[in-house]
Amino acid sequence: MKKLKSALAFSLCAAAAGVQAQTELTVYTALEADDLKRYAQSFNDDHPDIKINWVRDSTGIVTARLLAEKENPRADVVWGLAGTSLLMLKNEGMLAPYAPEGLENLSPKFRDRDEVPSWVGMNAWMAAVCVNTIEAENEGLPMPSSWEDLTKPVYQGHVVMPNPNSSGTGFLDVSAWLQMMGEDEGWAFMDGLHNNISRYTHSGSKPCKMAASGETPIGVSFAFRGARLKDQGAPLELVFPEEGLGWEVEAAGIIKGTSKLDAAQTLVDWAISREAMEMYNEGFAIVAMPGVAKPVKHFPENADELIIENDFAWAAENREAILSKWQKRYDTKSEAQ
Amino acid sequence: MNLSASTAASVPLSEKAQQLAQRWGYTLLLLLGCGVLTLLVLAPLYTLLSKSVKNKAGDFVGLDNFAQYLGSGAVESALFNSLWVAGLSTVVVVLLAFMAAWALTRTRLPLTGLIRGILVVPILAPSLLSAISLVYLFGNQGVLKSWLFGAEIYGPIGVVLGSCFWTFPHALMILLTAMENADGRHYEAATSLKASPWRIFLTVTVPSARYGLVSAAFVVFTLVITDFGVPKVIGGQFDVLATDIYKQVVGQQRFEMGAVVSVLLLLPALLAFVADRYVQRKQTASFTAQSTPYKPRANKARDWFGALMLLPAVVFILAIIGMAIYASLVTFWPYNLEMSFRNYQFDLMDGGGWGAYINSVQMALGAMVFGTALVFFNAWLMERTPQPSGLKGLFHLLSLLPLAVPGLVLGLSYIFFFNDPNNPLNMIYGSLLILILCTVAHFYAVSHLTAITALKQLDREFEAVGESLKASRWRVLVTVTLPLCLPAILDVALYLFVNAMTTVSAVVFLYGHDSQLASVAVLNMDEAGDIAPAAAMAVLITITCAGAKLVQGLLRFWLDRSTRAWRQGKV
Amino acid sequence: MKQSIQGSRLVVKNVGKHFGDFCALRDINLEVEPGELVCFLGPSGCGKTTLLRIIAGLETQSSGSLYQGGDDISLKPPHARDFGIVFQSYALFPNMTVADNVAYGLRSVGAPKQQIQHRVCELLTTVGLPDQAKKYPTQLSGGQQQRVALARALAPSPGLLLLDEPLSALDAKVRNHLRAEIRHLQQQLGVTTIMVTHDQEEALAMADRVVVMNNGVIEQVGTPVEVYQQPASAFVAEFIGAMNFMDSAAVNDRSVQLGSRVLHLPKPLPRGKGVVRLAIRPEDVHLQPITGDGWEAQVNTLDYLGAFVRTQVTLRGCGLRLLVDVDPRSARELGLAQGAWVNVTLPSDSLHCFAA
């Protein structure tokens, strides 16, 4: 069997060499599907000798898959996955630390704190509230401007948010509230919000999608999705609550043990290049390299002032406790009604 | 005649060995079948489920995880919700499917081919289509919102409606197989005893379909209780065990807790299995060569009644599908209802486009060919060759096990098992082949039940007669069993094909960069809010499946026509 | 049919069969002569079908051995044995024409096409279905299907023909007709035949010898006349035909006391003393006009059954009820009517005695 395998590998290599000496990288990602082509294209403009083979799915699925493959990793690089997920991979010892070229240009918020970082950031992925203007008017709802507003009785039964136990976006919100408001006030706020919630969803983009199709007037979700839906013609207003916004870094890292380390490093070098940052800026208001970002349609101009000082390490450490407390307070309570 | 004992001993040894081989050959083959299922289902599951007694680091912790999960307070409601939603869906689906199957087999309604086609549509469509439809029909902006009297579609109502929709064809398929070959003499006997139509129904029709009814109930109950797709999309925060797995595995990457819930989920499914076994023990062949196939006599009133029986299922399915098609045509629901075919420009699709579609078709064809052969051969070994009853039971259990396993769990299990560096099979990981194997394993149970039901209906003595006529079981298989089971084989093939086209939950963990699937693309595009291309791809999948169904229908039609003489008796 | 079959001799030696704790057959010994038709007769669950399936090789005996034509076939799988079989359900292959069904066994052994055609034709003519060759089984009546099954079993000229309740699915008229036909065919061909049935009339009418079975053992083997006239046990006596049973006390080894009368027995009792079951068939009881000194009985019921009259009488003194068959003419002469009195005689050579 081994003989056959090596013979097969040899002939494949020979065939590949005959065409072009191209390295193929398996890249796991949770980026938008239509961004993949664009990202790969830009990268290949500079590095035509490296071919990217994408494996794309939603954040939860990709993370679960990476962790499940731990014994025999199939990915070479992760490019475009939530920082929280990369932190988990790092804790499992699955990432190969690497200091890419130009690391010093990144804002310190957007990189692993280790001297040789296990992951580096690309852009920020921030919370937002999607409000359906037509339905809000029908229901006579005022436009909210803060998180606190959402606890007002007038919104009762009109708010949808992701369940933090199922969705990274949901956890991002909960963790941001607790950090911004402090533990006690944070939970008190959520108690108030819970009274107005009509339901919790399993997906982070679902509340915004529901707002877009009028299934709910208000959906707590993230800005990127809201902006996309608005582009498609949804009667949405994106609200960025004034207290501050939870956010998540979208990041890249190299999987430990990859047999194509050179190519992987080339990719990560490129992923934090200025060129790449400009590319990210097409869809995201905040990118990892300060001074690059230009205002993006549907996003606030002062986006980087709105996002909170997010302590990812604290969030990761307390995740289980927070989720368990959340579940006790709201999951079971909502069922007992 | 006085034969001494030495004559017995003088039988040559090699002949004895040959006899042994003949007696045990089939047992060995069925053991091999058990081995294949162990490889495809049991061993992968073990790698995941064994994590339920380990902590994150992999140390054995006994039942700590169970204690933690049971103590979290979420389980009572999730378990209770799972049970009553699955129970209610089972009652509704089995009732509707039985009504439909009765009308299709016991009346002389016209257009039954078309009606059958409509009734299996739910199985041809990706589950997302029904989710979109239910929201558009009964959601806050839904055209029929008032029908819910202020209740919300998001929650148990949506879960039950959605579950009923997608499990209906499964139940119908089993019931049709069970009811299609009815013995007309039983009806003649009952009529001659002056039994009223209602009494005939209760004393002849229902008992003859008893095995099918129990199997259908078992299948639907297990399908609903293990499905996380419908509750995830439309259940809101209505918690069931299957979404708990999703929360643990996809939301929080806690495999060991996901394994705990999976193990708990196996219990109700196992109970259903035991009940099914109990009833099945009593099933015997009901249709033999001496039976007179039942042919309903002309009876206008009964036909109208049959139409009435078909109505709920047909209307329900047409409403859902119609709404889905409408949804794929509007520009932006519900604010811009301008209709156009813009959403059907497949070249604008993301998420794999035509490549994913071609992968899906290849995968579906592979699963169909390999799966049908495997399922039918194993079912034949189990049902039509001499086997120790213990082995039969074991094999049956293994065959039905996949039904109790949520696709999510199966997919993850495949990673742990097939990606293991020590597994010699790990070279198939990430290939189309593993997708085929996983899909066949995932949909093994219903295919198996269909094959078994068909095989059970053959005269028990065919093989014995064959042997007395010096024909091996193989020859009887080829010349008698296969031709008689062809309709069921076509059903199984179609079932595997369409499920392979539409499945998501297991394969989402397994596709590689060059084996993306159309069904996964649909989900991802919808997730991204691109409902239009998602709907377009979903429609493409549905059309493909409908095409496959059409081919199957034509084959069945041709089969029916060329075998009418012996299937329908005097012409 | 021109081609005659060489029937083979079958020997069953000490065969037993257990299903778990349940003993289905116990120490069965039997010899079936070439060309003989033997019926296994017994109530359902007596083991007759199990024995047949063991002979066919469809079940394996737990102990004992089988010989066919001198060969030990105990361990041979069914296809290595030499038999044809007809099941109660016929198990005709519904997807094949009558001709294909009959030809099935010949094709198995790769007989030349022409020979097959000839043989199928010949057999269908023999069973009286020469023009049904192209039809499918479901297009035939039950009786016709039965004949096709028979033709199919006989086509490869087996040395042994096994019939498992072959007539029980048919209506009475067809059954009577086929009974004679099968017997005729079997004798004509000379094929050794074993037939399982629970119908005693069928067994008596068709068999050379009847094997009466009960609870997994053979109660008696004998010609129809023997099992009818000299039943070896109370079970056989009761199972075959009608029988009056009377409890009586033994006086000595040649006589018993019934009520106030002492009856002499044709054979000495096995045990000298105690209670014995006396038995007599209804047709062996004699009725005479009442004379005054005979054994008097009163008629309770009368059933005209065409060829004879079955009457039930009560003996004066002991109150015993007996069934008596009388031919219609004697009934008229005796003036049999409900409530009438007659004299009863129990001829000593018709009495049977069984242990109580």
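A few points about this structure:
Note that the chains are named A, B and C in the order they appear, and that numbering of residues resets to 1 at the start of each chain.
Quick note on the criterion: a residue touches a chain if its C-beta (ideal position, glycine included) is under 8 Å from a C-beta of that chain, and two chains touch if they have at least 3 such contacts.
Please read these numbers as outputs of a predicted model, since none were measured by experiment.
Touch-path distance (fewest steps) from chain A to chain C is 2. Central chain (C-alpha centroid nearest the global protein C-alpha centroid): B. Chain A and chain C have Cα centroids lying 85 Å from one another. We define each chain's centre as the mean of its Cα atoms; on that basis chain B and chain C are separated by 50 Å. Put simply, the C-alpha centre of chain A and that of chain B have 36 angstrom between them.
On the side of chain B, the complex with chain C involves touching residues 1, 3, 7-8, 10-11, 16, 19, 22-23, 285, 288-293, 459-462, 464-472, 475, 479-480, 483-484, 563, 565-571.
Only residues 72-74, 77, 81, 135, 139-141, 152, 154-155, 232, 236-239, 243, 246-247, 249-253, 255, 331-336, 350-352, 412, 415-416, 419-421, 424, 426-427, 429-430, 508-509, 511-514, 520-521, 524-525, 527-531 of chain B touch chain A when the two sit together in their complex. Those residues of chain C that touch chain B in the complex are listed here as 9, 11, 13, 31, 56-58, 65, 67, 70, 72, 74-80, 83-85, 87, 89-96, 104-105, 108-109, 136-139, 142, 145, 152-153, 155-156, 158, 162, 169.
Of all residues in chain A, those touching chain B in their complex are 1, 5, 26, 32-34, 53-58, 60-61, 63-65, 67-69, 71-72, 74, 88, 134-135, 163-168, 198-203, 205, 208-209, 212-216, 225, 228-229, 232-235, 319-320, 323-324, 327-328, 331-332, 334-336.
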